[in-house]
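Read from first to last, the chains carry the letters A, B, C and D; within each, the first residue is number 1.
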Amino acid sequence: MIEFCGIELRHRVINASGCFDALAAARVFGEALFEEFPFAAYVSKTITLHAREGNPPPRLWESEAGLINSIGLPNRGLGAYLENDIPALARLPVPLFTNVMGSTAEEVGELVESLEERPEVAAIELNVSCPNVATGLDIGADPRGLEALLARVRALTAKPLIVKLTPNTADVAACAAGAEAGGADAVSLINTLRAAALAPDGSGLWLGGGSGGLSGPAIRTIALAQVWRVAARVAIPVIGMGGVCCGRDARELIDAGAALVAIGTESFRDPLAGARIARELEGSFTQIAR
Amino acid sequence: MLSTIDRLARPRPGQFYMLATAERWGGGEGERPFLARAVSVMRTHEDGVIEFLLEDVGPGTKRLCELEAGQELTILGPFGNGFSASGSETLLVGGGIGIAPLLELQDTWGGLALLGFRDAEHAEGARLFTDAVVATDDGSVGHRGLVTDLLDRELERAPTSIRACGPPALLHAVKDRARRHGVPAELALEAPMACGFGACYGCVVATVDGYKRVCLDGPVFEAAVLA
Amino acid sequence: MIEFCGIELRHRVINASGCFDALAAARVFGEALFEEFPFAAYVSKTITLHAREGNPPPRLWESEAGLINSIGLPNRGLGAYLENDIPALARLPVPLFTNVMGSTAEEVGELVESLEERPEVAAIELNVSCPNVATGLDIGADPRGLEALLARVRALTAKPLIVKLTPNTADVAACAAGAEAGGADAVSLINTLRAAALAPDGSGLWLGGGSGGLSGPAIRTIALAQVWRVAARVAIPVIGMGGVCCGRDARELIDAGAALVAIGTESFRDPLAGARIARELEGSFTQIAR
Amino acid sequence: MLSTIDRLARPRPGQFYMLATAERWGGGEGERPFLARAVSVMRTHEDGVIEFLLEDVGPGTKRLCELEAGQELTILGPFGNGFSASGSETLLVGGGIGIAPLLELQDTWGGLALLGFRDAEHAEGARLFTDAVVATDDGSVGHRGLVTDLLDRELERAPTSIRACGPPALLHAVKDRARRHGVPAELALEAPMACGFGACYGCVVATVDGYKRVCLDGPVFEAAVLA
């Protein structure tokens, strides 16, 4: 058993938000999935205050050793999540981490407050990659702004608060330090990197949402560098992710300072990747000089 | 044409698998393919053997076509809803590689197949059908023109329903006629897919009640629900 | 013939700074290289005021569809460049762009002033990916700082000033706009993205320089997104680069708004990539809606 | 063992080529290989045929070893300085895959080869030499122990010079003995390479006058100049 922010976990491998839909998977692979769940914790895809349709298709582009997505955070909104999803997800044999995003501090506060009331939710992950309406930058891109946001919502919950940092910033370590100073219990990174694809027929941007986010092996070494820097800067635990495909990749993130490793795109190629990588991890015990 | 064995599941017509090669998946044009590729079940056999029909349209299908007998295939599935049961009065309309799922459908529930192709070479696949009428753009086999010409003719005979699979233009034409003639139709759609099992939300299609995941709620949709 | 900042070029493809050493190539491939030079202009690797040994080896790591380098800008300094390299490079049949980097505005000024005096130099490219000693961030990461730097050195030269933007920023388009406002004649992007690799034997970071910069196909779609954003924001010409391997990749950057395309890592795999890609480009004429 | 033809250049002993396969270079472990791989010339023939010796130590050499006769190879070179001319009194010291350049050297200028290997299987390559003494770690062939044991013995006979290629430990031991016995030695080094022709500055080694590019100023260096 592993301990993360006071939560007991079977192993160090969880899913990356938005890359595994436990309810859809149960429909497809059957209830057995609920017994032998591949991940040590289940992270929901991002929930917003109000329902979102998501971006118009096409939403995917396969790039060099990676995937660009422009899904647009489709979800039925906080209300439906509390009412329908949480009861269904409560049947999972692993702790539930709920990932939320608000476009203002008020929204984030409202999301956190309502999740605080639900015992089924073990931890809250804040997706701060949402563009700030004023500056156009991600609200998580500015260390001071992030500290202020955390300081504000920290008071609203006793549950572990994980900040999903944005990689679209000049200094991710400073942002992590800001989140820590504001009272975050952990940080997770990296989120997808802004990327674009052009339609083969020359009709312009391919993705319905315009630009998208790059994930997969192509970003693995960028994730490794950011996790290394962040882990060297903050004392709170780090959840590392980005292009992890095998136990060795996971081990490298742990050696870089990650407490847990999250699997995103690889789960699309192998829905049992989480269990496989956790197994492969057990075999390896590098402990390196940092 | 590619075949493999699935002893666990017996796929239903219209369902698909996500396929990749175990070795050297990647390293092709643009360092691709990276993700697995969705491929419809073309035909199944009692012993669990499943046959697929592939057209080389890019790095993924190219690599799958290069696969030699005995080499390892990574396979996930069967996925998707598949077609609902139909009868002998059902018309099966297929275009190009879209004929694949209709073969298993005909083998299971019968029905006349109307198949459209670019030319004789691409029309090869039609041979596999027990009961089919063919149209080719260049007239090298069967009717010279579109498969929808054949459909218009057959619609006079008031078929009970239609099942279609093929390029967007074909599906659109079928949807159109189905509405005009008041004949229920089921269309098997395609969409770029990353996972095939509802995890990525990347394969959505617009329906009368919002975006739906083609891999999970489809790939077969009633023509009437498509926006 | 193509016109770029008043300079006539044979075609739209040049080399990326630090990815082609014309003098070394002449030694290896012979003088013929000077007649049939693969690029429409020759961009020097970064020159600094004082000589630099560069980082200790290992300096390279092959990553997923890319390369991480930690070369550390080795060069014999401005003096040696003016005295030995420029006369030798003057024999090139294409215009010479000189890439320079200074760690302070004074240093950059001194570099620009001395190049201004040399007619062999057709244009000056400012590498602003140098860490600011005070903030630790790249000096090019802050739009206002970049504008101030440009305003200061602009007065020192009549030669075209190209600003090689840093991708390690929250808003590359704002930085481009800052450079433009300061008087830059063009911008070039993207430089390598911060990445890291761990030694296979578990002994820590692999690269002698610690972290390094990621280049190659893995970053192509990130470059495409940044070039698109920058070209949409500024009026000055954009030199696009990042993972270009073939004419189609180059065409996409041009469709995204680039005036010229630079080839970096691909030249390692094929020293004649510049000429090949220029040829492949001629064949293609997409003109897309932006 | 891999062979190809270079009609343009006649490589000199110690030079190398950058090799890659034209098809499916990439898509292996960690989506690699991406860059070409440096490989020493093992033997050349009048007709321009060049032979290479490869050991599968990772995705690049693995892919090159998989290459079948007739499949296309991307080849750049010859690169590097190569060894300076030597005579029959020169000792050639090689370890493992490092024996490759010494074969062409012996074919050209003669000299006794002292070759060290892990075991009999790896020692196969020694057969290609006309005049060689072998040492293996497990003693399955020749002397049981290190090739440096053989070198120590031969050094008594006051050789005019030494040429060595192999793992870092071996080169270090040779450098050491060369200095102690005052015998000039040339060492063929290895370094991670991206280009092979001086463009990337990635392959440097520390020398008495600063970092030098192994691909351009080497791969052969006089032992005395190495820092």
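In this section, a residue touches a chain if its C-beta (ideal position, glycine included) is under 8 Å from a C-beta of that chain, and two chains touch if they have at least 3 such contacts.
Nothing here was measured: the structure is a model prediction, and the numbers come from that model.
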{"item": "Chains touching both chain A and chain B, listed by label", "value": "C, D"}
{"item": "Between chain D and chain B, distance of the C-alpha-averaged centres to the nearest whole Å", "value": "55"}
{"item": "Euclidean distance of C-alpha centroids - chain C vs chain D, Å", "value": "35"}
{"item": "Averaged-CA centre spacing for the pair chain D and chain A, given as whole angstrom", "value": "48"}
{"item": "Contacts with two or more other chains, residues of chain A listed in rising order", "value": "61, 63-66, 217"}
{"item": "Set of chain D residues in contact with two or more other chains", "value": "26, 30-31"}
{"item": "Topology of the chain contact graph, where touching chains are joined (line, ring, star, complete, other)", "value": "complete"}
{"item": "Sites on chain A touched by chain B in the complex", "value": "18-21, 24-25, 27-29, 45, 53-54, 56-67, 69, 71, 74, 216-217, 265, 267-271"}
{"item": "Chain D residues touching chain C - in the complex, by the definition given at the top", "value": "20, 26, 30-36, 76, 79, 191-195, 197-206, 210-211, 213, 216"}
{"item": "Chain A contact footprint on chain D (complex, rising order)", "value": "30-31"}
{"item": "List of chain D residues in touch with chain B within their complex", "value": "24-28, 31"}
{"item": "Interface residues, chain A side, partner chain C - complex", "value": "61, 63-66, 68, 136-138, 141-142, 168-171, 193-198, 202-205, 211, 214, 217-222, 224-226, 228-229, 243, 252, 255-256, 286-290"}
